[in-house]
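In what follows, chain A forms one complex with chain B and a second complex with chain C.
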Partner chain A sequence: MQPDLHQKQQQQGIDVAVLVSIGRHPTTGRARRAEQDARGLELALAMEAELPGTRISMLHAGSQDDSSEAALRGYLGMATGVGMGLESMTLLEQPEGSDAIPALAKHLAATSPQLVITGARAERGEGSGLLPYALAEHLGWPLVNSLASVEKVENGVVTLLQALPRGQRRRLKVRLPAIISVDEAAPAARQSAFGPARRATFEITPTSPEADSELAQWHLAPARKRPKRLKIVKAASARDRFKAAASKSEGKGGQVLTDVTPEQGAEAIYKLLKEEDVLR
Partner chain B sequence: MLETLLPILIFTALALAAIGAVRRIRLWRQGRPSPVNLFKGLAALPRRYLVDLHHVIGRDKMISNTHVATAGGFVAAAVLMILVHGLGIANPLLGGLLLLASASMFVGSLFVARRRINPPKRLSKGPWMRLPKSLMAFSIGVFLITLPTVGLLPEGLLEGGGSWLLALVLAGVVAWGLGEMFFGMTWGGPMKHAFAGALHLAFHRRAERFSTKKGGVGRSTGLKALNLEDEAAPLGVEKPADFTWNQLLGFDACVQCGRCEAVCPAFAAGQPLNPKKLIQDMVVGMAGGSDAAYAGSPYPGKPVGEHAGAPHAPIVAPVVMKEGKALVDADTLWSCTTCRACVEECPMMIEHVDAIVDMRRHLTLERGKTPNKGAEVLDNLIATDNPGGFDPSSRLNWAADLNLPLMAVLKQVDVLLWLGDGAFDMRNQRTLRALVKVLRAAEVDFAVLGTEERDSGDVARRLGDEATFQSLAKRNIATLAKYRFLQIVTCDPHSFHVLGNEYGELGGVYDVRHHSTFIAELFDAGRLTFTPWKGGRVTYHDPCYLGRYNGEYEAPRNVLKALGIEVKEMERSGFRSRCCGGGGGAPITDIPGERRIPDMRMNDVKESGAEVVAVGCPQCTAMLEGVVDASAEVRDIAELVADALVESPAADTSRRPTATTMAEEVIV
Partner chain C sequence: MSEIIRRDPRREWIARNRLHPDHASVLAALGVNRGGAAVSEWLGPHGVVRKNPHAIGFIGPNDVKRIDRSGFQQGGQSAATTPVAQDSRRTVTIDQPAFLVAVVPDLTGGRLSAHDKDLLGLARRVADADADQPGAVVAILFGEHKGEGDGELKEQALGDAGIDRVVHLNDEFYAGFAPEARLAALSAVEREMMPRFWLLPDSPLGGADLGRRLALRLGERAATGVWQVEADNEASLGWRCTARGGAGSLDIQRPLPRVALALAECAEPVDETRHAAEQLTLAASIPTTLSRIEDLGQVAVDPAGVALAEAEFILSGGNGVKEWGAFHHAAKVLGATEGASRVAVDDGFMARDRQVGATGTWVTARVYMAVGISGAIQHLQGIQRCDKVVAINLDPGCDIIKRADLAVIGDSTQILAALVTMVEQQRGGQRDAA
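Here is the complex of A and B:
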């Protein structure tokens, strides 16, 4: 952060809503704070430290029981400073198997935060990663995915750093309100402390649950481990072998479109999907 | 003239001392309550002082004798002086005794003075340098003013013209002595250690650590549990006033002898910890002020005078800023390996490790500030029940070919073999396989919990995460309650300590044995035979959690002796063994220093000339084996035993003939 921005930022505190879900440990399957959502909260906490006046509210849609409560308290334990205002979390109560999107969209529309932060993909349930997109569609807000950091907020415009593959970053200016989603590119979440987690409370808000009818029709089964495609390396020297092992394979073909109109972009994508037989 | 001056001097000093005592007691009472039987404590005081305290001081005979002469002389002289000169009971017998007492004190103070001529580094300077002079002033002054009482001095000496001057000089010397010995005792001078130390012994938080007349050395090394049920109870110690009152009293008892500093592995490694300074910082915090007056060795790399505190101010600065310094920096607290060397050496019976863990609890449970890999390890313990984050169902993978009997199948055995988290470590798996081989050779009826076992909670607790410790402990206790066994045997002293000494408070009482103890018993019972040792010279490294924490120094040496090994002892062995650096989560928090603790320990091994260092702890194995260019091989006792086993021919035919019978007889 540039020091000269600091004065301006002081007046630019905004309302941030962080959407949190119940995670699932990859080895043991135990409920926990979800990795990506925790990174989202970390991003919000970092914003609060940089931009005094930022208010964070946490939002979860789901049922309330012992194991989910312990997982949700994992997020609440991250707010360990004085005056963080994170002593509670809003819980939109709805039974297991309900669709979270209408409840979240309704609540967000009613409370109108300026920035919504969410993980890219849930660790249990569908885990399709569609929630941020569906919410953005419902609310009509712009969405930025794979966020690395929030740089500044000025006059209702937020400057974001988006992570692209292979360590590249793209700076974006987005008009608020907006939704941003975070994945592994965002800074890792801080430790959750037992004391604040235990003291925190839940503001339980009843919702009119809508059963996820599509989900009910699905057949769910544990994922099978897929065989990995072997990368056959024909290398003459140690340097080549190292390069092959360390680098991701370059995509072949393709084209980079810059400075095109949305129509031209859509045209190009449509053409590609046709070529690849995704659309017939 | 002296007859009128002396009572005034003595009673003024006593009155000032009484005021100081009240002030000091009020400082201690800022702490949290701690139930202590005051009367019983005071009644136990003489024995605790004469037996337990002098057992520690007696390790240095010169100082012990010096202290007996000086302190004994002083106490006797003070009492007699109040009688003879204060109350004017000019009995020649009392006077003679007073002369004797002050003379003894004077001789003692000469030795104190000699020690201060070229004092070792560990001793604090400052006010402590004037103490021998004050002792001499008191003893000489009292001696001289008593001479007329017994008629050893011509009466006329104090009558003549110069008598005024002489009397004034004498009164001045006595006043100096009284000032240091009575006034200074309760107003924070070096003699404070006598006042606070005596009360500390009487009201010690671990009354069970003292020996009793019935015999048996008292030992109390398990950490005290936090009450997590009560949401209002503070989680650890944030500010000095969060300590219990008798902990604060204990800090005040410090004599700054620096024995703790001399044995502290972190201090020797140049990490920012000095147990003596830490205790003095707590005294500063309790009274409020800066540490600038401290006159001993600082924390390595941290100059004295930059930190300050107050009874109700945080000990560790809450937010990390450039100038954010409070009483103590967090890295000081995280440098400790909880090896208890300081507690073992402390003649004032101060509990440094308790205090450090109390402060760590606040940092972890309230602030979420466990450094370096701490957070990751704690998350792993919560999610997978082991610090490495391994799949709990793979806990028995190392024994896939051993066909280990499972508790879940047998339900009832003589010995429950506790594997510990070493089950996930390839080096320790070799030890475990060796131990299984030994148990089978001795035809022990044993079984393992297998995948039902969890981490004992040792690391979580030492990292301050009492919540995770209690969660693990309670689930382990519930698992153990399902089965019947006579004893638990483990090759991990940390599990041994936690299961044996710390689960009791949570409702799990077990007979736990370290594998070296168990193997020694098997050998004594004639169930193991060994081929004589043909290897090189061997030394033995005492694990802290086996030795100092549990007093087991003999069994491992007996096992080595049974193997035909003559142990080449290192200079620091037994209760003075130097830590490997692996305890207390120190490898996880990994506070940088100038040297590494295991390097120093392997250097000790090298100096002993040994080619093999026998160990009995997975942590020690890992730390010592991690030393580059080591001169000795690291072998666990179980491995040495397994290598030397002579399989008795009868053992194969009669393998496990009487399974599960013994337990039934004893338990039912």
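Here is the complex of A and C:
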């Protein structure tokens, strides 16, 4: 009886809050659903499919106008089934140029979800990627970045796969509640369906906005192309300068093994591979 | 040793006078004449170096005397004493720094990456801005540092990159994904040394993660994606930076905060000076925190599923590979991603998406193993960002041998088979021991 009940509690799933922002199309500059946040929502939907009873709530802090609403509806159209929890989205209303962190931290502390999923960085504005870290510091929760997938949730501990550079993965165990941030390594987001997106509603919650005064003082300009690094030749003599300009670069001259048995050659290669730590 | 050159005019006069009875002994004492041949270079009476061209050079083909002043070629008679190429870099020691600039390099694979070196160049610029009151660059290293070589050479590599002080934390609880332990260590450094700036590389899963955590811990609004730093008297810390924002679509100009995360190529790496890289230890012990994140280690990934452009270890086959079955087996045993040269792809032995080179994929592997590839220029272009290149080839004169860090001349099939046996033996032995 007792274990059965326990099983049931496990099966109930957890509360997941997905933080979404308004993206910017890289070529046209139009508002759209942000790439990384959509991947975060995709991850949450995958969790819901794995773990029945998971409740997803979406959260956005910003102003409400036509273009932003269209962008936010892009997220709402991602779940087509009834009762998937995407019939509405909480919108913490605050004017453009306000700091989103206090409003989000306050709301998350009040609703206390067990898992918060965000994109790694915003596509417009400062886009520094500091928000998940700021929330983790405010709430005192652990944070894991660059997530690839959620493997399982049990007894308040979530097992995750973190994406490492060069396609590698690392398995982590994190105590809930936690914040996880998602970037390009997570599975790509599904398409948004128009009908459910139209039917979904916004729950508008007014906040006491705090203006981001520091950002207002900075000078923002469209990105310039970064200058290409020049090959600087520091040569003492004319001969060296000429050589650097004319000759094609030769390698540092590595070790060449001639007239060795295959075993000796293999041993030298094996030693190098061990040294570089690529053999697992 | 004193820098002043002491001259003995009488001895120099004897050295010039070939008929003087003490001529030979004085020459030997002056140390000019090493090879036993005639003296070719001496200091003249006014401190000018005089040369005797008749004493140097060698007889080339057609009995013509040749003098090669580059010092590379040397004929039968040894040419004049060539001074050993001296290190022209200044040695800089900063004993009483006015302030500290803390840098936390990634130390990927135990070495300073190019990104780390750029960042250290930036740190040097910030530290050396005022020549009267130079600051010192403190590097906080987590994990093992391999360097190029052993012992002193290792320290030298750090000093050459522009590091004045090193705090090396090599405990096992910093290994893997341990942001909380690392953050505790950095907080201890902050309390003890109070650096004026913290600079970290904005690289995924290295400085980008740790730097943002550190910034929030210190209560600073970090500048991220910094790619340019300029002096600015109006800013509170005397510097202004340009940072990438809004997913690379914006340039943000702002005063440089205490914590900055810089992109690659943010500054030129240090190459004119060498620094002390003096070891420091923290006086206070670092409080151990109970981590809520547990690292279960890396997961075995199917190497064939890894994109060629970002694979860490590539085994690449070309025209010289005769037995493709053995090649695939070797890749599987070594755990390497497979690549191919254009010939192998054209001949149908490998898929087109496995082609490495200018027309295929530009790879960034840490170890690239080229089997039976002679190294066409297009192929060499494709592998120019690889760290270590291993070549197995029959022809010792081909171009890949010049590029390779380790080249083995021999039959690729046999060498690969021997390597596979060796790896399997080693693994079998380990399993027995366990």
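Heads up, the rule we're going with is that the second predicted complex is superposed on the first by the 215 of 280 C-alpha atoms of A that agree within 3 Å, B and C clash if a C-alpha of one lies under 4 Å from a C-alpha of the other, contacts with A are read in each partner's own complex, and residues count from 1 in each chain.
Here is the rule we use: contacts are C-beta pairs under 8 Å (C-beta built on N, C-alpha and C of every residue); 3 or more make two chains touch, one makes a residue touch a chain.
No experiment lies behind these values; they were computed from the predicted model shown.
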- Which partner, chain B or chain C, touches more chain A residues: C
- Message: Quick check on the superposed pair: does A:262 touch chain B, chain C, both, or neither? Answer first, second, both or neither.
- Response: second
- When the two structures are overlaid on chain A, which partner does A:239 contact: first (chain B), second (chain C), both, or neither? second
- Message: Per the contact definition in the header, classify A:127: touching chain B only (first), chain C only (second), both, or neither.
- Response: second
- Query: After lining up the shared chain so the two structures overlap, which partner does A:167 touch, if you call chain B first and chain C second: first, second, both or neither?
  - Reply: second
- Message: Quick one: is A:30 in contact with chain B, with chain C, with both, or with neither? Answer first, second, both or neither.
- Response: first
- Pick one for A:231: touches chain B only (first), chain C only (second), both, or neither. neither
- Have a look at where A:199 lands relative to chain B and chain C in the superposition and call it first, second, both or neither. first
- Task: Enumerate the contact residues on chain B facing chain A in the complex.
- Result: 231, 235, 318-319, 364-370, 374-375, 378-379, 382-384, 389-392, 465, 467
- Message: If we count contacts the way the header does, which residues on chain C are in touch with chain A in the complex?
- Response: 70, 88, 109, 176-177, 179-180, 204-205, 208-209, 212-213, 215-217, 221-225, 227, 243-254, 265, 268, 271-272, 292-301, 305-307, 310-313, 334-336, 366-367, 369, 387-390, 392, 396, 401-411, 414-419, 421-423, 426
- Note on the structure: Listed in rising order, the residues of chain A that touch chain C in the complex are 24, 26, 29, 121-130, 133-134, 136-137, 142-146, 159, 161-162, 164-175, 178, 183, 214, 217-224, 226, 229, 232, 234, 236, 239, 250-260, 262-263, 265-270, 272-273, 276-280
- Within their complex, state which residues of chain A touch chain B. 25, 27-28, 30, 32, 77-78, 80-82, 190-196, 198-199
